[in-house]
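Written below as structure tokens is the structure these notes are about.
Chains: A, B, C and D, in written order; residue numbering restarts at 1 for each.
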Amino acid sequence: MSKLTRRKSMEYIKKEYVRTRTMPASWYLSSYKFKYNITHMEPMREKLKQKKLVGLQCSSCNRVFFPPRIVCGKCMVKPDRWVDLRETGRVATFTIAYIKDPETGEVQERPIVCAQLDGSDTSYPTQLNPDIEFKDTYVGMPIKVHWAENSEGGLMDIQYYDVTEDKAQDLELRKD
Amino acid sequence: MTEEKIVVANKGIIRAEFAFWVGQYMDKFYDALENKKIVGNKCPKCGDVFVPPRKICGKCNETIPLDQNWVDLPDTGILKNYTITYYKINDRASRKVKKPQIIGMVQIDGSSTSIVYRLLNIEPGEVKIGMKVKVNWEEATKGDPSDIKGFSKA
Amino acid sequence: MEKVAIVGYNQVKLYSDANYGRYEMIFEAVRGALDNAGLKKKDITTVVSATNDYYDGRTISNSLTVEPGGGYLADESKVEMDGAHAVLYGLMRVLSGNHKLAVVWGGSMASSYPAHTVHLYETDPTWERPITYVSDITSAGFQMRAYMEKYGISAEEIAKTAVKNRKNAVNNPLALAEAQNPNITLKDVLESDIYSDPVTELMVAQPCDGVAALLLAPEKQAKKITDNPVWITGVGLSQETYYLGDRDLSTSKSMELAGKMAFQAAGINDPNTQIDVAELYEAFAHEELIFIESLGIAEKGKGADLNAEIGGDFPVNPSGGALGGNPLCATGLIRIIEAVKQIRGEAKGYQVKNVNKAIASGQIGMCSQNNILYVLEGDN
Amino acid sequence: MGRQVCIASAGFSEHASKRSDVSMPELVSEAIKDCLKNAPSIEINDIDMFVNGNMPAFEGANIPELWMTDWMGARNKPLMRVTTGGTTGGSVAIAGYYSVASGLPGVDTVLAIAFEQQSQGDTATGLASVAYGEISVLNSLGIPYDQLTLLFSAGAAIGVASYQATNYMRKSKTTEEDLARVVVQNRHNAAKTWWAHLKMPNLTIEEVLDTPYISYPLRYGMVCPASDGACAMLFTTEEKAKDMCDIPVYVNGVGSIATETGILGYCGSGSGQLDPSEQLGAQKTSDVAFQQAGISFPRKEIDYAEVYSPFPNQELMWVEKLGLFEENTASEMYETGVTALNGELPINCSGGVNSTNAIGASAMERPAVAALQIMGKASNQVPETVHTSLGHGWGGYINLITMMVMADEPARKFK
């Protein structure tokens, strides 16, 4: 894996076009106000304060959502049943992000994983323990919640996910 | 509908910038504006003259070739319509202002459409449809629509 | 045209700053429409939504509304115009025989986008946008003045329409509270702040938060779902040229052509006598008069003489129209819903007597550059 | 209910990274002119209705069709705008199909137009604002912004594709050579397509693998360009199509099934698409479209396919998910030349989205090229006669798919 992300343009048959003036315009997203109702997440936030995990279950298709979802699209109903979730889970999918450290300019490769808690049917993007080598990340890797010291009832109470030992026999096979 | 406070996420931060290519027809128009001249182009089939110039005449769907049918036009015209507005708008927001602005639709002499510009040094009372107006040029022109500061009484 | 019916509808009450999240409002609208027709999610085969990336402040504004809009594992598409245009696409999908139930929803939240700026984005970016003289505000002033000059109409006659619609909105529980005004007078309208001379604030349909939804089904299914289906017997739309300088703003060429197309399909040759009620999307009070004249319901210049009250000879916008609340991307759809209510006799508080045929319209663009008109008929 | 719909012709404008010589309406008028050139018996006045779309946030113009009316010849004509993000072109083509199939009085010939001029805008911000609102919800749930920029720093389109690549490559044991081979085949095809953007006649696998990573496992050489370009398609009834062109293309199956968003759900919820390469939407859409077209074994019955693959791993994934090849065998098919121009099942002979990506137009260019291949008028024409073909589109937040199945004879439904 090359350390530096340098652009290397590849030649192609290019045609030149007359260059005409341009008229400036802009789209100010700062003039917008996004409105969301996340009051349905209050029970989860209370539980996070006590370092407990709960998911919201749709009573008609039994899918469990973590973080909670306001409407279950499959059944067009608002899920209303809270279900306890364990602190273990798996990596549903991941990608490697290239983070350029502003001071040193050195490029750091960090895995970003979509973590799926055991008992939940959805995954959400989060981080692994910083000292896990990105080469060791693989799909299906078992992970465990690493709680932040003080929890204020937000998703950041789960600081990151540690990796637990994978007892599966075909472990070597599954790593690419 | 729940009574509790709705989370109003904070405002968007990123801003998207755009730069619209004007095309070769408008490029010629802005070159002319830069020398304080107004040009339009003429549809070979129906004879309509367009300010600003267009590649295709909407009435007869006729393509007007880039290198033909250009027409030099005077910088005088007739006021066809006007409105007095108290709003200022830009790409970011719109607000109401105390001082109104008169905006007019001016048909340049010799053209068959009209363009929308503000009217300068004219009192709201004096404005009448059909009155003669002429271009009030910026001193330093840049080759864009703001070269025409506005229209004032001819 | 083969028979397709509107079998269910629902509209969320309009607010200027709704205490709703965006997805919650969409869900409530679509869920309500399904309940109104007694149907479930699995009956839906296709969903057509009407949202606009610039009104929602995000790109691909329909990718995240798939679930609340009932589009999960359904054939989904989005029309980025008025809700009435989305109903056209829903109608096409049902007429094609591929779909047995189409959900059409549309809406936006005026409390989240910068007013007027989003319409400046619709102007010609190579010429008009940098100097910002053309906008939805100034174009309204040009349109009203052109109409008044051409036919010698006074501002009072136009203000009468604003008074009528705002009074009608009072007995429409879903209308915008700020737009309802039981004892509004001509003077109030004429002396309200100037929006863009000669248009004043109370002549303008105020954008607000709102989402609405309706269901379309072919004849066989429609008769099973409801014993009071409202048939779409005619639809027509047309788009004028863009530059204001090329257009005759005293009339609406697009509404005239849309009317011709829709009336021909529905077999209507004299709308004034054959149509019982009209729900038109009038972004400004003067547009209602221009539309009635362009549709041939009144002679040119004589729109104001027509008695358009609820008890009058040709009621227009008994629900208060867009002046009763104008949620972009939903207003045209709401006009169709109000026309359906009139035909089904469910317009409590503003019901016009024995309505069998109604027309409803939607529009988009400066000075209603693109108009769409529906002819709706009941069974009786 | 409904009637048989045919494609009479399709046209393109030249694609390039900066079409600085034309404004947006002029770019669209180029594509319309090319489309009508292929059907000499009609001209712009015979068009009964216009259907068009682009990805608005990339150009900064809201509903540009209102401004472009005259350039399209749409003055005083019905016009409807359909946009669904990445699949806009496909949705516009499907809207063109439904406009004719519905049999509305007076609507027999419909011109569908899709376009994009990305050099005017800034693609990254355009894509970032897809989920910007949702990211601000996560912020309201306590995740600070610097953490969020890290989580979403992989860049919207590329990031999304790299998630798919991770899962797909693990299952199918695809190597980076396989990805580079797909890129090389696409770019060689693009060199023979007059309107394509990245024409690289003698690109080699080593050259592609020599470029640095943008987002594992995708290298800079494998990624699609951002192009300016437009595409137009002419839909009409069977009878009218017969006198517009010698081989009318029958549209026999259309589908655009939407599923849950990937990676991040709406309103701060998680995503139910646990494995982004599973693509439930693609499987459902192809089922619907194939069933309408009466095709039960795509591998044998489809002669030509254009799939929407800005990134090479997606091409391998799509051809499997759409039922053209068995699971995990796609890279073999590319290796053994099954998908080459003279192969058994040629794929993306126009160079595909990997060589030309005007996002608004891309999803329409797929069915457009697939139709031209049947008509024998494609710029990189397959030697074997093509009887059936499909054009596929992907977009949204990994949750929107469009699909059009075509043939040179009507499906059983209307026979």
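List of remarks:
Operating definition for what follows: contacts are C-beta pairs under 8 Å (C-beta built on N, C-alpha and C of every residue); 3 or more make two chains touch, one makes a residue touch a chain.
Values in this document were obtained by computation on a predicted structure and should not be read as measured data.
Taking each chain's centre as the mean of its C-alpha atoms, the one that lies farthest from the centre of chain D is B.
Interface comparison, A-D versus A-C: the pair with the greater number of contacting C-beta pairs is A-D.
Computed centre separation for the pair chain A/chain D is 28 angstrom, with centres defined by C-alpha atoms. Between chain A and chain C, the centres computed from C-alpha atoms are 41 Å apart. Distance between chain A and chain B, defined via averaged C-alpha coordinates, is recorded as 48 Å. A straight line joining the Cα centres of chain B and chain D is 37 Å long.
Each of residues 2, 6-7, 9, 12, 14-24, 26, 58, 91-93, 144 in chain B touches at least two other chains.
Counting partners per residue, chain A has 18, 20, 22-29, 31-38, 69-70, 73 as the residues that reach two or more other chains. Touching two or more other chains at once are residues 20-21, 23-24, 54, 57, 66-68, 71-73, 114, 117, 121, 125-127, 129-130, 241 of chain C.
Residue ranges of chain A in contact with chain B, taken from their complex: 18, 20-39. Chain contact summary for the complex, chain D toward chain C: residues 1-2, 23, 53, 55-58, 60-63, 65-70, 74-86, 91, 94-95, 97-99, 101-106, 126-127, 129-134, 254-261, 266-267, 280-281, 284, 288, 292, 395-397, 399-400. By the touch criterion stated above, chain B contacts chain D in their complex at residues 7, 9-10, 12, 14-26, 54-59, 61, 63. Touching chain B in their complex are the following residues of chain D: 19-26, 29, 33, 43-45, 57, 59-61, 69-71, 73, 75, 117, 119-122, 125-126, 128-129, 132-133, 136-137, 139-140. Touching chain A in their complex are the following residues of chain D: 14, 16, 18-21, 23, 57, 60-61, 120, 129, 132-133, 136-138, 140-144, 147, 150-154, 159, 162-163, 166-167, 169-170, 173, 187, 191, 197-201, 203, 207-208, 210-216, 220-221, 260, 263-272, 274-276.
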